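Below is a structure I'd like to ask you about.
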């Protein structure tokens, strides 16, 4: 049972995987909600300016109006950062970026000062990051405040010095003194160069641009590819200060590349399918978990959306599962990566074939109709040749006017897996018990597998059980599901599972109990019958109790295999163990309180008697020394004894043995001294008395 | 016969009292002390007989402390007794010091045993 | 005028005597200490046999974790899976003593390791013991006898056997405690002061802490009290000596966790309570007798006696009831086997299986107390003239201890001090007689002659000191006369001197006879000295952990045990369980620091029986038993190659008996070929197939062609066989210790599954390698 369900789960999982495997949905509202979750300001502002910028930028791209209002806090930190005399390039850069979105009120002097300092930095900048940040900041200043003079006078020099860091394979080094070349750095470098070009007071000489373009081409040669046609850049440099994953690397490259393409004229011959592949890569990520990835994804998609080289168009299907019985339409949408509408075009269904079989295509080139108000290309009814099953549809986008062709990247033919499901008809299902020797039917029951039915059969080990049914698709063809199991379960939870084989047109299984006696561990009695028929495209997959059969099998001989212990279900195996209950010795019964108290009083009685007796005898303290010194000693002696007794009480109450013994040492010595004095004194007096 | 024995017993008690009246006061005090502790012990034993000896160590320490003090007191009495010829050389003060020391030790142990 | 002269002469001799006896005692202590160092000199400073290792481990724990942790220490390293509460089941006296020594030394910045302290604890305490003996004997028969007894005890072999350096066992301390307790008892009896009574109780407490043999004291002293009362020697001193001891002693004893309430519940102690009551009755009787006129007392006696009888009967009835109610009639197995020598062998094989619980043989008497055995009767006679409380006590002591030592070899140890005291008394008395008779036949004035005697003896002392310590007793005897008759003079100093002389003249022996007798006595002493030195050097100084053997080609040292234990500690997991016969449990936990199943503290018979059953069942069954105890390694001791007699094969019958006692399917006759135990080709198939045989003789034939067992002096029965469930992992250099590992359970299904899975994974991996990289984001 659990096993079958597991089978289903695995099946559906697999389907969902290969469904997502090559469908790229453009950015949708799920991204927007995710953005609001990911970029949630903590107490009115984001952690750092960088994060603030990422959040703001994401919201801007996604066109989220109801962004959390953080402008006050961020603006203040922006102005602080810009105003501060000690500038750290990174902060300034991000501050300016934030400012570019928030449009805080920053007065020109600050911009002037910052720009001056940035230029100073730029002049003696050596490492790539310095260039990147300073130039980036200058660019930002430029388009935030046109008044400030940020133009570079020797743009060529800067350009060359950045270019000097480039490698032959199109990647860049972070600084001249470490040889490690990195793709991420390449992205930064390109962006910086783009900034340089835009800042150049005079025209950069074209040869540099051309070489740089070749570099870019080389860089794109080192692009990586996934099997679903998505391209990405990966970071070779592993021991960088922080390792950049493919996502951040790719996004930095895309950012730089698009920025550069936007500032330079002339074409960069990067094939459109690579751009499309990059777009697919970013879209394929789905919704990243952390804000950094999210920002990279959205930002680079935005770059791609508005790039100059070629805008990728994404072909997506709202539903890839079409039900024959419900007569679903095949719908196709074509958008840009951010989901904005595409130029006029037509989508052609080039061909469709059952997945797994490459050649035999069921459909040849159909043209999808276009529904302008929903912007959906659709195919109102599937052709007769399409039956239940999973297919691969191959679409092609044909742009209408020709100059769009070099603006948009359609990526040729797109292959989409489509599942065509339907209700499966189950007919002439029957279960029968037949005698083994000649197949004469003893009892035979018709089954209605669509509904409940509880047949009760009885058989002995000389007979056979036959179960047979027939499956047909809506189109009337024979249908072969993935799973067709028959399960017999004994009262003692011993299960046996048989695969129902199919003979041509109908499914049939014959259990010859004579052969199965051994397998059934000679367990006679009632066996519940369960039939499982399941398939991904079968809308009415079922797992149904058919009924039960009373088996009487021969007695188990010696050395017959014992039935195996029941398989513990994993939840109990990995779940919490049964709690061990400890057995404590039960406390002895205590006497009633009153009794004890009464006896406590009783124990005091003899003491009273003792005192009375003392009085009657007439105890006298005339032996108590009268002169001062012995008297004090006597007093001390008694005090000492009292102290020792007190110490004992304390010992009983809380002290431990060693403290008690230590204290006892001191008390004891004191007591001995005093006692010796007083007693010797007494002795002497008594001796005097005797002598006298 | 019974009559005679009872009379003898009576006479015996008479002579006992008269003989005991002769004992000096400090011995009487000690005797009283002994009797007192013995009675305390007896009461505890009765208690034990009634409710059972569950916290056995406390019962033991209770009774033994009484018996112990009684025994020590008896020893003291023997030593300070003037009539006792064996302890001529032992002054009563020394005996008393020993008595105190012994008691202290005894009660230290008892306190420890009381748990 | 003579009296005055003698009086200041006596004062002078007093001084001499005290200084002398002090020096002599010092030398005796040194002697007692040094004679026990043979083992350290011949071998090394290592802890001996089995139990000492446990004590050593406990001491380590104590010094590391402090006393409170030690007090409630639950040891999970032994008796797996039961564990053992060490704090509650061990006699802490020895451990605490050594711990205190260690602590003191370290606080004095004398950095000795715990092991060193443990090794030297026994000799130190034997020195103390000899001093205690001096004190005791001095109380009984005067200083001279004391010195003699001390010397004898310092060298008595049976005590040496338990207290050589390194045998770190309870007895080492306990004997001192025993003697000292007796001394204090006698002292109290003589002085009748409460102070000594208190000390006595505390010494008794120390004894209870250190040894189970304290029951000997708590039974011997009441017996003596009873004896005194019966012989009409009751005195109030007796009361003072006994009554506080019972009360305080019982309380103190029940402070020790091992004893606990047994001190009042088990019937080893009931005797003392009974006597306690009796002595009170008697005291009352004496008191009344004191204050009444005899005539009235006659009357009183009738009443008091009747009442007293009634009380006694009631008390006895109560006691009997208690005894009957308490389990095993209130007597623990060991003490029962004391009273009834055949008890143990009948009922408790574990107790019987220990060699030192067997009744001794006559040679062992001669071996252990040598000439003392002959001197003891003389001592007893000497004690009867005159009979004092003290001497009667000593006589009682010797008699009972002789009986007990007749029951258990181990209790020879209790006999030894008594024998020493007795023979000390005897020797001193005889020397006294002889020297006096010599002196009176010598010409010259007695006074200066005595002085001569005095300082000759003193010179003698000095001389002797340089020469050799071993003649100390002899020389202690030499200087006896002066002191002896000085003592006599002191006794009747008020008598006219002359009369004393005459009285002495009466018991004078002929001159030559006494000379010869003295020489003979000296010879006897010398013989004793030689014997005990030999015993200390040869017989008793072997630490059974390292063995040596002389053969034609010199000395062989077998250090296999430590080799095996260190192998265990280095090559096995920390929490592996090692199964072996219980003799090696303590050593394994202490030296290899591995968890054992059973060890030498045999508190759980069933558990030991389980191991015994495993050892005596065939391989598969044994494997199952061991596996159920999740044992990883099995350790057997095998002497067949080097001829080490006390190996597991020789102990095997005990394993069978103990195992069979609990698991009846193990039957001793199956292992005996018509009543005799043999492992050669005549042996029974059960014997040849049991685990112990296989583990012992596995691959034994490979050593010499024909597998000749040097202990059993035969060729073994089954030579070539394979082990199916065990594999040999280690065998020491001389094959004395062999360690086997339990083979893991083979598990077919798992193996098949693994194969298939591996295949699958390989195929998938190949597939992956040829396909293109999958997009990880999906």
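As written, the chain order gives the labels A, B and C, with residue 1 at the start of each chain.
Simple rule for what comes next: contacts are C-beta pairs under 8 Å (C-beta built on N, C-alpha and C of every residue); 3 or more make two chains touch, one makes a residue touch a chain.
A quick note: this is a predicted structure, and the numbers were derived from the prediction, not measured.
Q: Identify the chain whose mean C-alpha position lies nearest to the mean of all protein C-alpha atoms shown.
A: That would be C.
Q: Which chain has its C-alpha centroid at the greatest distance from the C-alpha centroid of chain A?
A: B
Q: Quick one: chain B and chain C, Cα centre-to-centre, how many Å?
A: Distance between chain centres, rounded to whole Å: 39 Å.
Q: Provide the C-alpha centroid distance between chain A and chain B, rounded to the nearest whole angstrom.
A: Chain centroid spacing, chain A to chain B, equals 84 Å.
Q: How many angstrom lie between the centres of chain A and chain C, each centre taken as the mean Cα position?
A: Averaging C-alpha atoms per chain gives centres 70 Å apart.
Q: Among the residues of chain B, which ones contact at least 2 other chains?
A: Each of 94, 112 in chain B touches at least two other chains.
Q: What residues on chain B touch chain A, complex-wise?
A: 25, 28-29, 32-33, 35-37, 39-40, 43-44, 46-47, 50-52, 54, 91-94, 96-97, 100, 104, 107-108, 111-112, 114
Q: Going by the contact rule at the top, pick out the chain C residues touching chain B in the complex.
A: Counting only chain C, the residues touching chain B are 192-195, 197-198, 201-202, 235-237, 239-240, 243-244, 247-248, 250-252, 254-255, 261, 264, 283, 288, 290-293, 296, 299-300, 302-303.
Q: Across the complex, what residues on chain A touch chain B?
A: Within the complex, chain A contacts chain B at residues 588-591, 595-596, 599, 602-603, 605-607, 609-610, 613-614, 617-620, 641, 644-645, 648-649, 651-652, 657, 660, 664, 668, 675-676, 679-680, 682-683, 686.
Q: Tell me, which parts of chain B touch chain C in their complex?
A: 5, 8-9, 11-12, 15-16, 19-20, 22-23, 56-57, 60-61, 64, 67-68, 71-72, 74-76, 78-79, 83-84, 86-87, 90, 94-95, 98-99, 101-102, 105-106, 109-110, 112-113
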